[in-house]
Amino acid sequence: MPPLVTPLQTSGQLDRSGLDRLIAHVLAGGVHGLFMLGTSGEGPNLPADLQREVVARTCQVVAGRVPVLVGVSHTVLAEAVSLARASFDLGASAAVITPPYYLPASQDELWEWFRRFDEQLKRPFYIYNIPSLTKVSIGESVVARCLSLENFRGLKDSSGDLHYFKRMQRILSATKRHSLFIGPEELLAESLLAGGDGGVSGGANVWPELYRDIFLQAQSGNWADVNRLQASVLEISARIYSLVTPFATVTQPIKLALSELGICGATLASPQLPWKEADVSALRSAIKAMQLDARFGAKPLPSTPAIHG
Amino acid sequence: MPPLVTPLQTSGQLDRSGLDRLIAHVLAGGVHGLFMLGTSGEGPNLPADLQREVVARTCQVVAGRVPVLVGVSHTVLAEAVSLARASFDLGASAAVITPPYYLPASQDELWEWFRRFDEQLKRPFYIYNIPSLTKVSIGESVVARCLSLENFRGLKDSSGDLHYFKRMQRILSATKRHSLFIGPEELLAESLLAGGDGGVSGGANVWPELYRDIFLQAQSGNWADVNRLQASVLEISARIYSLVTPFATVTQPIKLALSELGICGATLASPQLPWKEADVSALRSAIKAMQLDARFGAKPLPSTPAIHG
Amino acid sequence: MPPLVTPLQTSGQLDRSGLDRLIAHVLAGGVHGLFMLGTSGEGPNLPADLQREVVARTCQVVAGRVPVLVGVSHTVLAEAVSLARASFDLGASAAVITPPYYLPASQDELWEWFRRFDEQLKRPFYIYNIPSLTKVSIGESVVARCLSLENFRGLKDSSGDLHYFKRMQRILSATKRHSLFIGPEELLAESLLAGGDGGVSGGANVWPELYRDIFLQAQSGNWADVNRLQASVLEISARIYSLVTPFATVTQPIKLALSELGICGATLASPQLPWKEADVSALRSAIKAMQLDARFGAKPLPSTPAIHG
Amino acid sequence: MPPLVTPLQTSGQLDRSGLDRLIAHVLAGGVHGLFMLGTSGEGPNLPADLQREVVARTCQVVAGRVPVLVGVSHTVLAEAVSLARASFDLGASAAVITPPYYLPASQDELWEWFRRFDEQLKRPFYIYNIPSLTKVSIGESVVARCLSLENFRGLKDSSGDLHYFKRMQRILSATKRHSLFIGPEELLAESLLAGGDGGVSGGANVWPELYRDIFLQAQSGNWADVNRLQASVLEISARIYSLVTPFATVTQPIKLALSELGICGATLASPQLPWKEADVSALRSAIKAMQLDARFGAKPLPSTPAIHG
């Protein structure tokens, strides 16, 4: 399930045809769902009306073929509920909410935040652990208490702390109704070995088949194949994401790679600034180098659009 | 200048008469300005319409007697500009903006954030350094570049790092047009010795005269008096703010103290939870103990409304 | 390979017979090596003569049956070299050195630190990444440069960051001569999937067969068995290590578990304080509960001394 | 009181004549004491025999003219006690001890660490708060408990957190027998306003009169003069210490400035690496620029050797 980036025009408005092409690209790559307006999607940095426009267009284009999850994180609970309601009205399948991210929340406040969200929304939702951005980690007791919430569906963990992930797996696997997804794609294979239910992998915007195949091979217990494919993810991370400066997200390299593929432009939402020309050149070289390696995808590379450009 | 808390009804709506009483209280205490919707004012946790209602009511009640500054921090620049414009239309004197607070911004991104804010707003504004909440500290080069922005008026520093404060003081004091305010009231006296222009002190919601007198005595060079008064601030901090759990703001104890004075209720905006009864009792005892000490204000205590209730 | 704890008498002196029993216990459990004077072994908190006594006795008892690695970390390079030389004279197989741990080292300083160590020692050594205690993480470029050092044998990573581990694995696996071990046992299975060469697992002091069997099953590609066994490690972590307060190491619960088995006492080296009676009771209950679960070891539980006591 | 740097030969041995000249230089500048083997003195990175040699020579040269304090920090309490005893035998006035710095200590462990140190040493000592290097801050309750220790004399605080400093001041000023010193010289003036007893200022190695005069003017209540002199300290910090890379100490620029004065060489103890030539040139220019400004010292500049070079 890719955390879809949000194609933008240089004016800051939504690039609708770019979004259409991106959705077509990842659906062709066999992804099992879309996560809109997450961190990679720059959700918290987009104006409220643009957020709704993204959800509307996505649901229209996807037309029910895969679930559409929508990030609704905000520092004001009422605004998060408002975006979530609008999203469900537009056809979304579930909302995804982080802890509030200005004041760091205590564990009691986290629980109350999610409880009230459930109470006010009355629709399926996931919680999203990303302590590097929200300052606090959602603790075991909060996740355990969330199991009692009628519409709670699971957790997306972007902590990068696999031990945390595994502790959450122990809690969530006690039921059959809850799912656990991992954020950092560098740990996708290991998260699946540890009982995770899949990844929300930024690279799946560009190379959706690669991430899908890791998931499918893990489901079949082919761990040698999983490892071989995961090595390509590490290669992407080492050659491309490593170009990202500390603090920055992978949204810029992903949008640049997509622009190489002719899918959409590389414009970012404020406050993020575009990369400098030297970094862009380094990225182009890195992508080209990986193409030569021809190691992507479980199938031969020609099936991966990223390679054909 | 107190960072005014936002009186709320238990329903979450604005407590207008509480706000009226609070403004009357601090103006009677001689404050030199009001800072609305800051961190203590729970600005980033209030819905957009309630934010505007706070500004409207405040400007109406203050009626130009002192400047009204408005915190407009947001993760979306357009929303910050929108609140700032609305505030100026309602009579505000200046906007106050933090770095964006979901993704941590690079220094280049900070500069661009403030530059665009200036460009789009075209009205006086301050920048607000609070790295514990925005994850990044506004660097010297960014502050130095801000001097070139036409509407830039200065900095409020809530870092608690007095060396940082002094480095900023060197930059900002090069002109006569820029001001530097300190957040943590525990360092008010020292910030004034170091050339600061005043404090945005949470305790001034409750005991406005105390903080005003520290400022006035420092202006007169009466450092022994400054020290004597500052000891009362440390006393407040040690007895009251120390009751606050890690992560939590001083908004709860301030609102509780104000409720003891009959000024407004103690309701907090989500995600903050009300204190437990034991903590509330401890606070009441602490306030009572300080009253007996009768050490507040440059003048004898009876002149401080906080004591008379 | 267990990071052996150091049995101490209540006087602070070495408990020689306790050490003898502990070595016999883990060798009977089939461990592939011993790591002495590491973090779990309280190495940096033991006086120089006691450190040498530990190494001497261990080498004597082990008598070459498995390799003996010795942690020689210090803030003074000459002291680290001195302990390493003494250890080799006493029969040790390799030295293990962390970054210096008072001043945080730059990457250039780390490289120089390891280069000089190699130059002065001229014997096999591993480097040990534990940024939570040394403040800095050993970067990729430093590890890559270490490959050129004649006596460099590999890395022990206790960062808990599996993505870091995997980046190091890419570097170290380029040769056949270097090894990569993981510290946190909660990630042992996943580290093996990721190409790691084994674990330095605190729990292997108590339940050596469990950790050995995870290693052996992973070598055979039996990932389902690996997962089943790893679940017992998580159980140990969740029930026992979770009793440890923030900051504290697992040395206390390990020594308490060993004292339950009659192997050695639970005395810690200064500055660590013994647990309070309530925590000790909780630990005893936790161990008893796990015994009832009878889930340890690839073979039935009776073969695990920990259970029989 | 300067935290004296340790002059070293390029071989790593003590530069005795350099040390002699340095002591003569700072005594001529009117310092009220010497702090040997602290962080600036690279104490924890010097071999045990060299540490003793430094203390011996210093006590011999000082010959009782001012108190000699000795940093004895170590990860092994017995080693700290050993160095402290040796120092007293050699003529030292007091020992200074930090928390242990490999494992982070709990507050209970800190208390026990200091209590045992007092018990075993039976001689005057100060505790030293430097959480950036020891990972933990010495809490209020620990300092309060230390008041009961017979030989406890006070605290040196290098946290850079003036609010912390002031909380400690409240505790320590309750007696007349305890002192409170500040580390970061950028806060020296403010620490004195807040009731501190002086500074342990790295720059006093080079410009002892400047720091002495700040102290003397503050004692006389001449806060305008204090401020004027403190501005020179900020100037030193902004022009010289700002050249230091993150993580590094000010020992290198101090030693380089001393070498400009012909007092001692600039060699550092491992693990610190010497500055690159470009940084050294920048430092030389910065010192030269300050000389032109001629703003150092309460008296005219010619009396400050640093200016004459």
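Going by the order they are written in, the chains are A, B, C and D; count residues from 1 in each one.
Definition applied: a residue touches a chain if its C-beta (ideal position, glycine included) is under 8 Å from a C-beta of that chain, and two chains touch if they have at least 3 such contacts.
As the structure is a prediction and not an experimental result, all values here were calculated from the model.
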**Item:** Chains touching both subunit A and subunit B, listed by label
**Value:** none
**Request:** Using mean Cα positions as chain centres, tell me which chain lies farthest from subunit C.
**Result:** B
**Prompt:** Are the two sides of the subunit C and subunit D contact the same residues or different ones, given that same means over half of the numbers occur on both copies?
**Reply:** same
**Complete:** Per the C-alpha means, the centres of subunit C and subunit D lie apart by a whole-Å value of 37
**Request:** Can you check how far apart subunit B and subunit C are, centre to centre, with Cα atoms defining each centre and the answer in Å?
**Result:** 50
**Request:** Pull out every residue in subunit B that's touching 2 or more other chains.
**Result:** none
**Request:** Go ahead and list every pair of chains that touch.
**Result:** A-B, A-C, B-D, C-D
**Request:** Please give the residue numbers of subunit B that touch subunit D in the complex, ascending.
**Result:** 160-163, 166-167, 170, 184, 186-187, 189-190, 193-195, 221, 223-224, 227, 234, 237-238
**Item:** Contacting residues of subunit C [partner subunit D, same complex]
**Value:** 39, 44-48, 73, 75-79, 99-106, 108-110, 112-113, 116, 133, 135-136, 245, 247-249, 270-273
